[in-house]
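Remarks on the structure that follows.
Letters A, B, C and D name the chains as they come in the text, with residue numbers starting at 1 for each one.
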């Protein structure tokens, strides 16, 4: 079962975990990304390409389901204006096996970082705004998966 | 920050996630293990060695904190009688970096499976009871970490 | 038959152009994403700055990633944007 | 001075012995975990079944893992149990 959600709304980790657990398996891995306080960050604006985002995230989830024995993949990504401590992204995977759940969760995050059409713009406490640039480490992380 | 809890009580994934998120970092990985329905499992009895369990889990958490840049490690493990779908174990790690959070979460689970003094006894629908045996795959998973 | 393509922009590409989309007529000989980017780069200073270094840009044709050599074919929407930074 | 050791059992070791702990006096010459296991194996049928194949067992001395060669030293508690299966 694939569940994809993109929008300004926050997510409910307990409800999302129950949903994945309800598909059976007994092994549930998750990753949550939040806006990190690196000193003087005022806010983060998350833009996306609505017509493509769902398609890109669904393709990643389908790849995970085909490469690991999973019961469920959930990907939730927020857009709009966020502040320090706000949730940005949630990935949940459910499997019979902990290795499959944890590896596929890592795979989904690595792929999401490099192919899902989201862009982040930071605004600093002094008002300076800057679009975040891609990180070499994210490209390398995504490159380590065969698919 | 290390948080270790062992007892019959269930855990609250939302509250535990908030606690780890509150230490900062923005990257939170988790693993939940639940009693898996493999067809005719009636219940699972989890025994442990109370005087040693906390010590063993704390040592695993300390190792994770020393090997990865983490803000928080939480390990919660239930004991007593559990049924299909019940939570057994929760591991949460918080970091500035998703790779550190996810890898250390996997490390904690692999070590827990092979060194934390817990034992599971299955009771089948027909009343037959059996102590679960160690799995070679768990030994190999734990062996892949250098520490 | 005159062909046209809806081009949509995101992130700093959108901001620097000051528009989020535009309809572009495709003359004969404009066959690939790279051809469209060259066409845009030739429009003058503001466009040239952005489109003369396509290595900094990413492209999606009808919501699938493409590269400079990807043929436009019968696609109706070309998105041009910086490398993605979600998650 | 007569030494003694509290031995505690878990999981199927505990169930098959029918006790969860016992105090064992250590004669001179009983210096290691392996020596204690041999002592237990020599107690007769029920014990021999369990303790004659120490490879199936794991040991913790004062709550730290040990092996057959680990000296008892001044430890007060030896736990004997099957390989762990938590998580």
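The criterion applied here is as follows: contacts are C-beta pairs under 8 Å (C-beta built on N, C-alpha and C of every residue); 3 or more make two chains touch, one makes a residue touch a chain.
Just so you know, these numbers come straight off a predicted model, no measurement behind them.
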item: For chain A and chain C, chains touching each; value: none
item: Centroid spacing, where centroids are CA-atom means, of chain A and chain D in whole angstrom; value: 49
item: Rounded Å distance between chain B and chain D, as computed from the means of their C-alpha atoms; value: 27
item: Mean-CA-position distance for chain B and chain A (Å); value: 23
item: In chain A, residues with contacts to at least two other chains; value: 33, 98, 109
item: Multi-partner residues of chain D (at least 2 other chains); value: 87
item: Chains grouped in pairs wherever the two touch, ordered by label; value: A-B, A-C, B-D
item: Residues of chain A that touch chain B when the two form their complex; value: 12-14, 17, 21, 24-37, 85, 96, 98-99, 101-102, 105-106, 109, 137, 141
item: Touch list for chain D against partner chain B, complex; value: 8, 10-12, 15, 60, 63, 65, 77, 79, 81-87
item: Touching residues (chain side chain B, partner chain D) in the complex; value: 33, 46-49, 51-52, 55-56, 77, 88-89, 109, 112-121, 131-134
